[in-house]
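Some structures are shown below for you to check.
Presented sequentially are two complexes of chain A, the first with chain B as partner and the second with chain C.
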Partner chain A sequence: MSTSRPRPIGLIGATLALLRKDLLIEWRTRARLNAIVFFALATLLMFSFALGPDTRLLEKNAGGYFWLAILFASVLAMGESFRVESENACLDGIRLAPADPRAIYLSKALGNALLLIALGIVLLPVMVALYGVKVVTGFVDLGTVLLLGSLALSAPGTVYAAISSNARARDVLLPLLLFPLVIPALLSLAKATSLVLQGDPMNQLGSWLGLLLGFNLIYWGVGFVLFPRIIED
Partner chain B sequence: MPSLPALALHDVSKRYGRRWALARLTYALPPGRSLLLTGHNGSGKTTLLRLLATALSPTAGRVEVLGRDAVADRDSVRRDVALLSHASFLYEDLTAHQNLTVLARLLGHPSPKDGASALLSRVGLEKRSDNPVRGFSAGMRKRLAIARLLLKAPDLALLDEPFGELDPAGIRDMEGFIAELKAAGVTVVLATHLVEQGMSLCEERLHLQDGRAVDA
Partner chain C sequence: MNKLIKWGLPVVGLGVLAAGWWLGLAWAPPDREMGDVQRIMYVHVPLQWMAMLAMFLNFVAAVAYLVRSNASWKLDSTAESAAEVGLVLGALGMVTGAIWGRPTWGVYWSWDPRLTSEAIMLVTYTGYLVLRRFVEDPDKRATWSAVVAILGAINLPIVWFSVRWWRSLHQVQSSPKTVDPQMVLCLRVSAIGLLLLTIALLMHRYRIAMAERQAEVALPEALPGNSPAASVRDTPKVA
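On to the complex of A and B.
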């Protein structure tokens, strides 16, 4: 029977097929997007309540609060992305198809990054209204920060979501593993976003974006290499 | 030159924590024969099937599937082996058609949607093809799972309790699918508690007890 069997698709083809499947599941249920949008909105609101009526403080730290809201919500999103695969042992079904484990990683991480980008787009006008900030250096800069930030959170988050998906205390384990690792990226994101929102007279934004690009290369490279061992062994 | 065995187990053991699910199992299935796996619950049948499917790696020993090492040549073995498991491998929020299309795309099928539609008709689910799997009965899930297996067109089909959750008509259909696979030259390994039914479909039998091969 194997003579008539089609040739399996390559890494990029498998990544796109799996990403398409993940987006289709998300579109049909909208479970993750709804949950993380409301969670992140609530987080932004809580920051504004916690700091009281001091709008200057909110304005000054808006970038940090914005990324903390996305980080907290990303834990929900990434944990859920592997819950779908554990139901009916679907991850085994994909592995044995066989799909390249690196394609599974890339599709999951890209899917999570797209979700975080969508979340950032929804949160932005809310942050502007709540914290009274303006996008000073332009939306292209903000879009670049959002893109690099979402990728920087999703790459290690997807690896740790896979590791913690079989653990009993997975809801606790994922943030415990993820938060320390993304602190450098979070600092860069808060700083870069603050520059976009408050102006960049010293032209520092490029350096912070370069640093974020470096973090992304490390996170995605390590995830790409390690993920096959994580799901096979 | 004699043909290689369809599968060969060389002193294979598998341990979960402190429990040995398989203990020093040695066996070879002659080419062109099908195997019935029997044994009580927990005897190691599912573990053995998962080792043959490369879903697990042995703790000790060597597993050969279709003449290839199941660990070293894992990707190659996976392309030629399909597993019908207790878990259906189905996405609950996708429709039956979408579930098969996802797999067809991964397999590089030239027309994934048409291939999925044809298989849904073959397993009698064409009227439910656009319904999410979440609303399917256990028997319908089993039919969809066998469609998933047939889509792979395997050389070795591993069937773990294929008759479970099926009504009498479903059992007849499943027997028909297994007969079709065998007629197409596919080696079948069947694990079931329905020994008489299994014996009518397989030429060889391996009885497991506490992870060891024993006389039935």
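On to the complex of A and C.
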């Protein structure tokens, strides 16, 4: 970065540079990760209080609670991801750099997905301890579900976070817009995680992963196309 | 001419709708199995059709707004009025469906794909209208709400598909039905009446929306959303 460049860098270069910047900010404060980890832990704990002391019930529904905790935490994380940019008009600065708006979308969405993956990795052992679950079909399956799930939540979530971060009552707006949208993803995630945790005798995991993959392709595509219109002025 | 449509259309629509409902209640034969309960169909089915139509109009207007480089307020106002009218019709359709479901299925609500998709549709467009209330800048509001409308509309078939898949592990619902020609006629008359009424409502709401846009562009400070308290809250905290 020391020499001045005559032409702007490409989409992937800009995405990586912006992602690196976001991760660096996150690493230096670790505020967002700390906040969402403790928030999600508290949520997992609350589910067990809401259900009473029946551990079998908890174990049976663990997949759904796991993803609900991540979803609630993701609303906080994604809302915060654009709040950083609205301070000191940073977003305008990035766009004047000039960075491709689509690179801003990709970097933000990837950054949010990485954060959610990290959150999932931290939550798993806690869930094993609290709910008494065990990973039956293997960690590769679980990793795939976590990867696809985090990507599925962050693709539409990043679009809506960009919108709601500039609106009034943004803390209400983001969940109100996002929750109905991610219902197909949440449904297949809860189902797929239950299959991973309780065994998959009928071989259904593949079809739920396929649905998640399709959801990802659609929303990453639509977000990539529509995001530039959101942050234009 | 304009005035004739403005006042004539709702009157004609209400008249045709009343005729259709009267035929449905008094003239059409009762259903063999459901009896008189089935007559709510003449209210429920047209409501659902018109709700779908209005939501489709909203989607088309939203896409057109984003695609066209010199999109006017007309498209944005069309989208707004379609979403609001569609939400009212869809909510009424859901309530009438629940009233029918209780004596027929024994429950007000069932998690089948159609009902679930409809519920999610109502929540989606409620979010859409809430977003419109919370954004003061008319340009941004139009663009953002168009994006939200498109994402929400794409979502509905995915929801329908995924819930069907999810449910198919438990039960499959099927209801083959043969419909009496008298019933078809009543349904058609009710649907045409409601269609006319829906168009009248859309046009009325559209006029209100256009008047709002004009007021916003002409006098941005005079609007209730831009009270001093709100503008202080909105300014970024930069010294």
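The rule is short, and it goes like this: the second predicted complex is superposed on the first by the 227 of 233 C-alpha atoms of A that agree within 3 Å, B and C clash if a C-alpha of one lies under 4 Å from a C-alpha of the other, contacts with A are read in each partner's own complex, and residues count from 1 in each chain.
Note that in this section contacts are C-beta pairs under 8 Å (C-beta built on N, C-alpha and C of every residue); 3 or more make two chains touch, one makes a residue touch a chain.
Here the structure is a predicted model, which means the values were calculated and not measured.
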{"item": "Touched partner set for A:95, first chain B, second chain C, both or neither", "value": "first"}
{"item": "Which of chain B and chain C A:84 touches, first, second, both or neither", "value": "first"}
{"item": "First (chain B), second (chain C), both or neither touched by A:188", "value": "second"}
{"item": "Partner chain in contact with A:211 - chain B first, chain C second, else both or neither", "value": "second"}
{"item": "Contacts of A:21 with chain B and chain C, given as first, second, both or neither", "value": "first"}
{"item": "Chain B versus chain C as contact partner of A:165, first or second or both or neither", "value": "neither"}
{"item": "Chain B versus chain C as contact partner of A:13, first or second or both or neither", "value": "first"}
{"item": "Residues of chain A at both interfaces, chain B in one complex, chain C in the other", "value": "87-89, 232"}
{"item": "Footprint of chain B on chain A - complex, ascending", "value": "1-2, 4-9, 13-14, 17-18, 20-21, 24-25, 28-29, 84, 87-90, 92-99, 232-233"}
{"item": "Touching residues on chain A, where the partner in the complex is chain C", "value": "86-89, 156, 159-160, 163-164, 166-169, 172-173, 176-177, 179-181, 183-184, 187-188, 191, 207, 211, 214-215, 218-219, 222, 226, 229-230, 232"}
{"item": "Touching residues on chain B, where the partner in the complex is chain A", "value": "53-55, 57, 74-75, 78-83, 85, 87-94, 98, 102-103, 105-110, 132, 148, 152-155, 184-186"}
{"item": "Residue ranges of chain C touching chain A (in the complex, touch as defined)", "value": "66, 120, 123-124, 126-127, 130-131, 134-136, 140, 143-144, 147-148, 150-152, 154-155, 158-159, 161-163, 165-166, 230, 233-234, 236-238"}
